[in-house]
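In the two complexes that follow, chain A is the common piece, with chain B as its partner first and chain C second.
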Partner chain A sequence: MEELDVEPTTTNIPASEGNHLGFVWGPGDILVYDTIYKSSGSVGTCSSFIHEVRKDEDIYSPILRKLFNESHHIFVGLQTIREDLPNKNKKTQFVSISKNYRSVIRACMEELQQVSILLAIELIWNLCEVLFIDAAPGGSLLLHLLDWVRLHKADVDEKAQEVLQSESPTEHHGYWDVVLSYLMQGRMDEARQMLVKWGVLKPAARSMYKQMDNLLSKMPVYNPGGSQTLTEFDVKWRHWHDMVDHSLQDNSFASDPNLELICKILMGDEDAILEQKDLLSTWYHFLVTRLLFSHPTVKPTELHYYAQSCLAMFDSRSAPEPLDSILLAAFEFDIHQVIKDCSIALNNWWFVAHLTDLLDHCNLLQSHNLHFGSNLREFLLLEYASGLFTHHSLWQLAVDYFDHCPEFGRVYLEQQIEHVPLDTERKALKVLRICEQRQMSEQVRSICKIMAKRALRNNRLGSALSWSIRAKDAAFATLISERFLQDYCARGTFSDLDLIDNLGPAMLLSDRLTFLGKYREFHKLYGENRFSDAATLLLSLMTAQIAPRSFWMTLLTDALPLLEQKEVRLPPKVNERNTWEPEMSSLYNLHQKKVLSTINWLVNVDV
Partner chain B sequence: MEGTNAKYVSQKISKTRWRPVSSSSLQQPDVFATGSWDNEENKISLWSIGEEISGMEAEFEGDPQLLCECKHGGDVLDLNFLDQERIVTASSTGAVSIYHLHPNSQTLSVSQCWTRAHHYPCDDAPCTGVVCKSPEIVTVGEDGRINLFRADKQAVIRTIDNADSSTIHAVTFLRTAEILTVNSIGQIKTWDFRQQSNTPAQILSQAGDRVPLHCVARHPNQQHIVATGGQDGMLCIWDARQGKAPASLMEAHTAEMWEVHFHPTNPDHLFTCSEDGSLLHWEMTSGSETASFLQGGRNNSVLSRSAVAPAGGGQSLSAWLSGDSSKGRLETTHMLPSQTLSVNSLDVLGQCLVCGTDGEAIFVNRQVPV
Partner chain C sequence: TVMQVSVINTVDTSHEDMIHDAQMDYYGTRLATCSSDRTVKIFDVRNGGQILVADLRGHEGPVWQVAWAHPMYGNILASCSYDRKVIVWKEENGSWDKMYEYTGHESSMNSVCWGPYDFGLILACGSSDGAISLLTFTGEQQWDVKKISNAHTIGCNAVSWAPAVVPGSLVDQPSGQKPNYVKRFVSGGCDNLVKLWKEEDGQWKEDQKLEAHSDWVRDVGWAPSIGLPTSTIASCSQDGRVFIWTCEDPTGNTWTPKLLHKFVDVVWHVSWSITGNILAVSGGDNKVTLWKESMDGQWACISDVSKGQGAVSSITDTQQSEQ
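And then the complex of A and B:
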């Protein structure tokens, strides 16, 4: 067996005092039961409970349900993007779809109390969007990373508000924190707006303030849409960097420790930035800030050096958390590692399934096949959808996911769809429609048979017939007709006349059904005193070979009163001797010949 | 389509209905009820869409807000407002319940319940349809039974056992004391409660394949015009006075049609929704060239209407029955973004349309062009 990625978690089963447990895998859970065998080898008593152990509780959260439904909508839309669009258009679409997914996550975050998992998910997704889907080159890359950090460190604005609304902002204990935070997020304008308040109040430090403000205002910011090339920007930036260095070297800010600190940060001094650990709060914020002030033209391929060193510098003592390793893997552009780590860390397959699917559409996943036949994308989608299928309500979403798994989706669907409980006809109709649209004829037959039998058991013959027609199940239609005929023989009248009288073309589904319809017609004709028509019909019923053997006696009995009617005229097929002699007499077996000769005799008796 | 935003509600919606507005006021409806299905715990919920904001931003109104909700035993298979304060529901457990909305506390609670309104000899049978004309309530179910209740009496007024050998899917009032039912072998039956016999007054069915029918609606003014929809997604218009065959057949959807509604005040307009995830708006226009064009789902604020457009009078009568003859032209518009799961229910009142889907979303449109 291969080595495990991570130690398996242990779940304690209550009420099993040292007995061996038996278990069986279910679609999304394990059923565990107590046995009488103790671990010591002896045999004792056990509890009679069966425990259901479920790993994924998330699908039962009402707020996360919105996530599943909305993302399903986005997923289906993604699958139908046209393949023939030029790559540039596709990329914009993929980025916009990625943003859609993220906005759904954020919408859920707003409602849910426990936000940490969703926050982490959105953080990772956002980074993947920046690095893999948008795939920004050097220059724009840093800008996107700044956006990323700003989005996930949004408390700066709150703090700023608090400071600004206080009586004297510059005296507020958080004032410099806000200035530094703005700086470290690259929000120069806001930093300057804060700083001016200080500058105004300290006329003695006027020139210092002006110099600092000048430095801040001159910091070059790369404009991806502009005419400036990356090299030109780099030159400009180095020039500015030298300017800052000068100011530091000639101690322009030596008298004010705050400004001196700001200057050091602007220089990209790692220790100075690291001192603000509390404000940064995360190593990836540290990473982006460090890049901003030391290497703003960073290329994607260079990221991982910086990432590793920043992680090490920021928190050398504690072991990396799962989130940290995932982000690190992302910075190393190791998509597979990201997916793998996320699969392990998260309870629910939602995140990895959707992200992998999107990345696959962007053609970012190498197509190496896993050793159980499907590729990574399909595997994750199948796992996710199978989890959905165990939910009493979300199974309908899973169908679309299976549809877009070309190798195994259909097989999975065929197996799972039969486990959906069919409590009402309406639900059965929906399940049936799903099967019919995918030409799953076996499942169609099976569902219709279940519903038809249930209807028959409740004596709803019309419903049973309706289900048989849907499945084109001639055998069952025959069964239903037998029931009617038995009823008739037992009681002498037909039940459910509304059904038999109005069979329409459904009559042709089965011979027995046709016979039933025609036999009822015979009764109607007789009741309307149209005896010759009735007689003709009766004869044709007998000779058309659709009458069941058991019914011949009844038919003959029905024939008797007809023969007492004076108006009965035999059909024109009768020859001049008034005997009825079918041309195809060779087709009839001995029994039938006897019957026919009886009729013959009966007919001739009158004459 | 603009003006139609999805609200995700964490429950599959089986029925939505507008609360009736008092006939005197010209207000647009602002409260609707929804029923859920396929949940371990199903619910009746009441939602408000608030005041209509006139002006440019009218298209992007706020989401529906939940006013109150109440547990419901079993799937909500049908739901209708009895009056401003009471809702009748049909349950998959065979129960018919009346929910009362307390105006002061804005809560819903059960005020009356008939628990075994529909049943088999040894089992419960889902109640599939309920329709009311206060104080009378008529229910139908999978057991083929028709019940007549009164809102204030616990005892059933009249039961027609075995009215149908197949499942009755929907019911509607034809005239006072006369109802119309549709069943799963494609028959429309009219029943007259004034008669003592338990047989239908009339049976209509299609000549060809007897497709199961799922929904029925009666024209608000012309009481003999009836629209039905069934398993094959075809929209049929019938003349109930004569009827071996529907007066017109139109291809509408590619899967079961779950609901069909005539617009209550402007019956030139018809709405249908289906398992295939679409909601269609049908408009019968007069035959002239300046008939209104609804372009592919977008709200065109400048609708050029024919000056002769009737307000739902005689023109629409013959037009519906003659289908697509030269007398009138039928325009259809999709009202939802494509690729939703099944649209199970819709309701339209005034200019407001609400619908619910299996994707656990509610769509509200306040600018239906009628």
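And then the complex of A and C:
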């Protein structure tokens, strides 16, 4: 297997002479700075600059963001295709998904100036779709390859337009180029339409033209949906091939070099086709043309012989470029080599990750275990998604990719989600929801704690409290409840009443919090003139010992007005058998006694 | 894949002398730097900006390293210096102040590293006096100090914590059960050794002694865990070598070194990327090289250049290119 020897790229950082480079990883970017490493002491001068360096990843290009967003959509859809569908249906779906990915690429190409890499990607993807996913057999294979070439050599139509719109098309310098181009792309009808113009103008050559037109019209084209078998087609084709040969042998077109050339090309004469290098412009176009006119029933397994020889014939001088190696590997049906070469040659993971994922779904990848214990598909998806994670909004797309990496997706997500800046409460909630949905309890706790601390630092007690509750952080909840109570003592009112009033079962998180909730409830009852209920509550607060000692004075002070309330009814008492006793008649006095005995109890308790 | 990079922002720290360390906080919003000018500076670098947030003075000698604690504990930064001190700084009500000052060593403090947040707020510090201290915040401005004396003869140059979870336990653990927490860290010293330390029953014990270097070990880095049963440590030395140590078994008993590369000059610094799959190496040859793990016999996305390793890209200073 040919190795692609790729040199590591060098980036230069302005730095003082003779100094070393310090380096540190940031969560997204990298820091590089000027320094000198010495075993002891430090001498010399250096700059005080620190450079933030970032990978030149396409995620920072706004147009490619569209690519990432839309392909994310397709990716998620692909993951949810039902496994139990029959293979035939699945194949259709996979081909359709492949075409979806490609249309997204093409959409981006239209907007982006720097198209070359996208063109290459689409070219490769298309070929992979033809060879691997659609897996066309002999007969159809050539037709698909012709489509492939036509799609990527679209300038023929432009040229044709230019020629046709000129004063005298047949005199146009590009006329025969267009005819030949159409032929070499197997577009026989269009070639004939062009040729007619010539035929009409040259009455002397009428018969030659007619003969040529006849040959062109008779060229058999395989119909995959038809009743004709491949063998039958082959027979027909050979017959036609012999006809063409005949015309060449008996010099029917000898007097016109252009027609003679066309005839040779129809015969599949390699030299004649090769002469049109400029029109073909690529070796793979040459390959398809050569197959069209010499071996249209080519089978997938035979492709690589032809591919290798065509590459060699087309440009024997220069070394193969990465793209050539990739296409060659595809023609050799070496999927792994294709992926490997693409990973090296292209500066982004998007392509290999999505293509590999699709191929994996088609069960085309051997289970190729990497050292890490995971497979190729997952490895590439993890790389791609990790790259997305450093972006301030694309990170959300990455989550779905991690979700579909069964082995390491979760742990990667756990690690990287911690570094998403929690700039706003809304963003924090977003991150939190993601963690909660995946039962990432450690991360949930961590985020809530960070937000709680931050809220407390900004004196937003209510927010701090709700974050602590969400984090199930009893210690912090206690701390904040203390602050609330302190606030109350200082100002005589509570803040964030809404929150405290609606604590619900969360109240039980910590004793202090329970007290806070209940104490507030006491105030509410008092405010509603429900004095007996208030009194009950106050008593229970004091006797249940959840009231912090620091608060007893306050509680006692609160109890005093109750003593004066004449409307207070004795609250039903729970006796030893845990049943409620009915109220007694001498209500007021008994109640008063109760309060006093409680005070007595409090006073006598060891402080 | 070949990684291309470009400079996106340059922060002028206005340090008056050599910068020895720079660290981004967890979110990439704040940058802390320290220098021979004895100060620690903190910048807000959001959106390509650079606003000086704090200029911390408290050290009496060159400051060698800074380290950010986990944001869960607030905005906390540790620094260590030639002046034998470790200072923990905290931001309270928008201003930075000393939270704690530790002077328990007899010579230069060379390295500080915060432990995983699961263990609370715990800081490992290595010193030129050969000892390592573990400082644990216990609340109410109290710190518990544990010292490992003679960790490395002559001096300790670097400390790095292991991830909190015992390798392998993430994979085997039935859900809902708390993972096996073991406090471990690695240190490198002037005795050419890399040592692993483990806490057992509240005491720190030497767990492993890894010998491979022939000169002072300048830096060590324990790779972040990606849930694999293997543990990985990188070490670099004045002997120009960088070793990758791996331990396959969860009990942590057999460590196998693999030579990453022999450089022509001293290698000062190694650091792992966040997910631990790229190792950065900075050395005396004015270069920083990034290395991506690729294993023998396995498909590698970078190159199969040599037996298992491939250089991804390098960042050099301008002098190099002019040669």
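Methods note: the second predicted complex is superposed on the first by the 488 of 607 C-alpha atoms of A that agree within 3 Å, B and C clash if a C-alpha of one lies under 4 Å from a C-alpha of the other, contacts with A are read in each partner's own complex, and residues count from 1 in each chain.
Operating definition for what follows: a residue touches a chain if its C-beta (ideal position, glycine included) is under 8 Å from a C-beta of that chain, and two chains touch if they have at least 3 such contacts.
All values reported here derive from a predicted model rather than from experimental measurement.
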Taking the superposition as given, does A:L429 touch the first partner, chain B, the second, chain C, both, or neither? first
In the superposed arrangement, which partner chain does A:L201 touch: chain B (first), chain C (second), both, or neither? neither
Who touches more of chain A, chain B or chain C? C
Have a look at where A:R65 lands relative to chain B and chain C in the superposition and call it first, second, both or neither. first
Classify the contacts of A:S386 with the two partner chains as first (chain B alone), second (chain C alone), both, or neither. second
Scan A:L508 for contacts with chain B and chain C and give back first, second, both or neither. neither
Once the structures are superposed on A, label A:L151 by its partner contacts, choosing first (chain B), second (chain C), both or neither. neither
In the overlay, answer first, second, both or neither for which of chain B and chain C A:V411 touches. second
Mind working out whether A:S463 is in touch with chain B, chain C, both or neither, as first, second, both or neither? first
Intersection of the chain A residues that touch chain B with those that touch chain C: none
In the complex, chain A touches chain B at residues 62-63, 65-66, 69-70, 72-73, 76-77, 80, 392-393, 396-397, 423-427, 429-430, 433, 437, 458-463, 465-466, 469, 495-496, 498-499, 502-506
Once bound in the complex, which stretches of chain A touch chain C? 3-37, 39, 42, 44, 46, 48-56, 336, 340, 343-344, 346-349, 352, 368-373, 376, 379-380, 382-383, 386, 407-408, 410-412, 415-416, 418-422, 439, 442, 446, 449-450, 453, 457
Residues of chain C touching chain A in their complex? 1-24, 26-29, 31, 33, 35-36, 45, 62, 70-74, 92-93, 117-118, 170, 175, 216, 218, 224-228, 238, 266, 268-269, 271-275, 280, 282-284, 286-289, 293, 295, 298-305, 311-321
Write out the stretch or stretches of chain B touching chain A in their complex. 8-12, 37-40, 75, 77, 92, 120-121, 123, 125-126, 128, 142-144, 162, 164-167, 183-187, 189, 200, 203, 205-210, 212, 231, 255-256, 275, 339-342, 358-361
